[in-house]
Amino acid sequence: MCGIAGILFKQQEGPIGEILIQMLADLNRRGPDSTGLALYGNLPKGNLVVRIKVDEDARHESMNWEASLVETAQEYGKVRDSSRAGQYVRLVMDYDGAYEELTAALEASGEGVEVFSMGQHLEIVKQMGKARAVDATYGLSAIRGTHGISHTRMATESRVDISHSHPFWARPFPDIAVVHNGHITNYHKLRRRLEIKGHHFNTGNDSEVIAVYIADMMQQGATLDDAVRSTVTTLDGSFTYLVATSDSIGFARDQFALKPLMITETDEFVAMASEEMALRKAFPFELETREAQAREVRTWKLERAASAKALESAVAG
Amino acid sequence: MERGGGLVLVLLAIRFIGVPYTPDGFASPHEDKHKALSSTQLHPLSLQDGGDASVSTIFTIKERVCMAVTLDCATLTIREINTSIKRLALEGEREIHLIHPEARHNLGVAVFDPVTIVVEGTAGYFCGSMNDGATFHVLGNCGWSVGECMLNGEIVVERNAASGTGASIRGGTVVVKGHVGARTGVAQKGGLIVVGGDTGYMTGFMMQRGTMIICGNAAEGLGDSMYSGTIYLGGEATQLGNDAVISEMNEEDKRFLSETLAKYGLSHKRALADFKKIGSGGRLHNFSKADFELWRVAM
Amino acid sequence: MDSEKPLVRYGQLWSPEVMEDVHVKAELGRYRIRGFSTLKKFISFDELTFVPCTLSRIPLEGYREQCTTETVLGTRFAKKPIVLKTPITIAGMSFGALSRNAKVALGRAATRVGITTTTGDGGMLMAEREASEQLVYQVLPSRYGFNPHHMRMANALEIVIGQGAKPGTGGVLLGQKVSEEIGAMRELPAGVDQRSPVRHPDWTGPDDMVVKIEELREATDWEIPIYVKIGASRVADDVKLAVKAGVDVIVLDGTEGGTAASPDILMDHTGIPTLAAVVEAKAALQEIGMDGVVQLVVSGGIRGGVDAAKALALGADAVSIGTGALIALNCNRPIYIEDYHALGTEPYACHHCHTGRCPVGITTQDPELMKRLDVDEAADRVANFINSMTMEIQMLARACGKSNVHDLEPEDLRALTLDASFVTGVPVVGTNLVFGRPDLWPQAHSNGHRDEMNHHQANGKQGKKKGKRTHEERTR
């Protein structure tokens, strides 16, 4: 069980890192095990950003992971920028091929290497520990962008480690990420079906199936909105989850309204969090808030022009 | 949304000693705040504006009965807030204001004295829970389970509340003038719950006794498995719960509704003629194998 | 005797009991509800034996040398933890399930021997508060009769997630037991079939429970311990979540746990045995470094001092008795035999608590039946039984060379069967061998002696692996 939080600035970039870290620092109360963010912004150069987790095993300390991964990536496209912080290597490159191919190549570089996110806009950073500590390691509160979703974890049935933390990238689809509060009780059944179809699961965490399921639906041609709407009937158990794509953010809530979500919206932004206290930490003024309803699905899209409106969906079911 | 006018009156009625009162953005126009947000990097929340009335300036003199006492939640732990409330009430304070509540949880838990607590802003979960005789006035929103397990007293929330509003109350009154979430009045055992707006999934689930008034619409499962008690619904129910049935309103019902709504300034929310009376159909009181369609869900 | 008469052969699959079950349901049209506990045989403490001191270590003199039984529960956060004179408590049973006399008798017995009793679904009976010096107040999903003033009168609180007899399901009390008095206390119409919810009304999930626990602590000035009671199901995960949510004590009720009225299929087919639950819980506490910080109380089929001692050895800080206490009161005693017959049963086979017609006046609200339980005599019996348990635990502890019953360890036991070894990690008698995954048991975290055993154990591949392997790995 956990805390989730999301933010989308409708017209222009904003301090997404700082806002999410402030919300997460409060939500760590509900989720002390790990903290994770999926941040969306615009790349100044290159068309792909990849966040890769490497193990901090003593054996690997001598390895120069950054150099090794850059070398592998260069075979697929020009690497514009690379950096290493904590357990992550960040690559910015030019790449127009299949994402799964690049992902597999990078992960083959060594044991414990996992691609946590890939996309034109999406960067996932997740780590054991509380928000402030994770922020200190990765400088997240300095990051500006268009939107982001985030998570603090209280592990229910799967391992407490970095890989099992949220957000989950709906690999291999660019820029789709999910964070989830609750527990999917038909996880194994759905997982087996998706594996038979050829999908790959990285962890034993039930939340991952939401990302894979949405990816599968979109692969078959569904819009994000349709895919999210269908989860309300396909997933069983308790769930309030946030999903984000390159230009949208959305949520779905289960039919029993079991896990909380408070939403606030202005002309400039929409923000949501498991508890209003977290929203208040990030936005220090009285807010118009409401709680999401049972079975509710809503998505918001970045507005490119003043005349564009937020995408709105009626309550599902 | 009610704001501004009524609140100014409330604020004028309060006298603070030595400390200027600045509500946290409550009476300010929204636009100013949003301009500030969009044009500049957010700064860490400055909690000090609005006053530093801390525990040390609390009065213990009983003759100042019309004086309200302020606790600045921004500078206090929940433990300190609740301990102060209880101590002040014991010392005879009749009105306590909590400023900068910032949606924090557990404000005013288990207060057994006839004191009035005004939350100047939004409260988190369990505000006023396990109340026996106190009065709460929340000027903003509140989170889950406001007033849960209350024995007696009154809680009025000016704006919206989240899920579990008035859960399992055994007496007293909980009023939310805006919308409420799922499971409003779940397992209600007495007392009165009044909602000015809409209510969510499974409202009145397993109601045992007491009364609920919903001026707006109700989501699925209204009054599911009610043992007894009465729900008055002004708007539409998406789907009534198991064994919840509509019955005729009588003059007494109408009088009660009219008086109660007027008392809380909610008469304008819904015409009296729109209200429906919902109660237990009694089919779930004792198992009946003949009524399988109903019991397969309920048992 | 007619030698030509053919042998009557009853099937194992479609046994007479199973057939009768179908016949009954064909009339009833719903699942069956009864009281008591499971009648099935689960793997139990009987499959373990103690290996006391002989030559290799020195026993303590029974009858003479001290063996401390004092037990403290709630050391993590509470200002006033519960101090028990012996590691036994009386489990939560409601006034409604039990008669007034029964509750008062239990309270008096507990006071006399220095332990706690626990309220149940329906609230605090003032007579019990007066009788029992240390009373644990349950906070249940139903909140029937929940009163904040009573909560402040309690010595500890117990948040009930569920019980071993029916984990994951709410309560059921058939109309014949919802008397006027019970109905009034629970604010229900008298005579209704009471269906209690399984979830708490004001919070859902361990992340919300963090806030709920803070609320309860605020309401009780952070003085008294907060327990959480869980029916043994996904024990390792639940224990870790309860710890993260901030509890002081975990009360774990195995599938053998008793009940006044539950669907019988749940008793027999949900939850895991207490033997397995205690091992899994202890391993989980050790994995997260909470062993010794958060206490563990186990219940569910604790039949006497032997079961209690074995539970302590496997890692429990205390045991809780429910059914055992009722049997000490007089449950299933061969008296008023014609009333057992009237219920269609016999002494020693009666599990008809749900009828409200308890022949010995324990699980009934009928005034005439209640009179059959004399409060003082009943209190004596329960106190005697608990004292006998205390003596049994001490005797076994001394035999194993312990001057404190809490120093009993898994290494003081041997398994009589492969199954027991597999479940508990205790070696099989006559061998050094442990079957299964030793890295998952509490003793795996101790010193080299176990390493040697692990090295030789039948599952070869694991070698010296000591681990913090988790549930997920275990089931992969």
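By written order: A, B and C. Residues from 1 in each chain.
Everything that follows uses one rule, which is that a residue touches a chain if its C-beta (ideal position, glycine included) is under 8 Å from a C-beta of that chain, and two chains touch if they have at least 3 such contacts.
Please read these numbers as outputs of a predicted model, since none were measured by experiment.
Q: What topology does the chain touch graph have (line, ring, star, complete, other)?
A: complete
Q: Between B-C and A-C, name the chain pair that shares the greater number of C-beta pairs in contact.
A: B-C
Q: What is the distance, in whole Å, between the centres of subunit A and subunit B, each centre taken as the mean of its C-alpha atoms?
A: 35
Q: CA centre of subunit B versus CA centre of subunit C: separation in Å?
A: Chain centres of subunit B and subunit C, defined by C-alpha means, are spaced 39 Å apart.
Q: Compute the distance, rounded to whole Å, between the mean C-alpha positions of subunit A and subunit C.
A: About 42 Å separates the centre of subunit A from that of subunit C.
Q: Give me the residues of subunit A that touch two or more other chains.
A: In subunit A, the residues touching two or more other chains are 260.
Q: Identify all positions of subunit C at which a residue touches two or more other chains, and write them in rising order.
A: 208, 211
Q: Listing for subunit B: what residues touch at least two other chains?
A: As it turns out, subunit B has residues touching two or more other chains at 105, 124-125, 144, 183.
Q: So in the complex, which bits of subunit C are touching subunit B?
A: Within the complex, subunit C contacts subunit B at residues 28-31, 142-144, 146-149, 151-152, 175, 186-189, 191-193, 195, 197, 201-203, 208, 211-212, 214-215, 218-222.
Q: Help me check something: in the complex, which residues belonging to subunit A touch subunit B?
A: Contact set of subunit A toward subunit B: 12, 14-15, 18-19, 22, 255-257, 260, 262, 266-269, 275-277, 279-291, 293-295.
Q: Applying the document's contact rule, which stretches of subunit B touch subunit A when the two form their complex?
A: Result: residues 1, 23-26, 28, 30, 33-34, 37-38, 41-42, 44-46, 102-105, 121-122, 124-125, 140-141, 143-144, 160, 162-163, 179, 181-183, 200-202, 219-220 of subunit B touch subunit A.
Q: Spell out the residues on subunit C that touch subunit A in their complex, using ranges where they run on.
A: 204-208, 210-211, 234, 237, 240-241, 244, 470-473, 476
Q: Which of the residues in subunit A end up touching subunit C in this complex?
A: Result: residues 1-3, 29-33, 154-160, 181-182, 204, 238, 258-260, 274 of subunit A touch subunit C.
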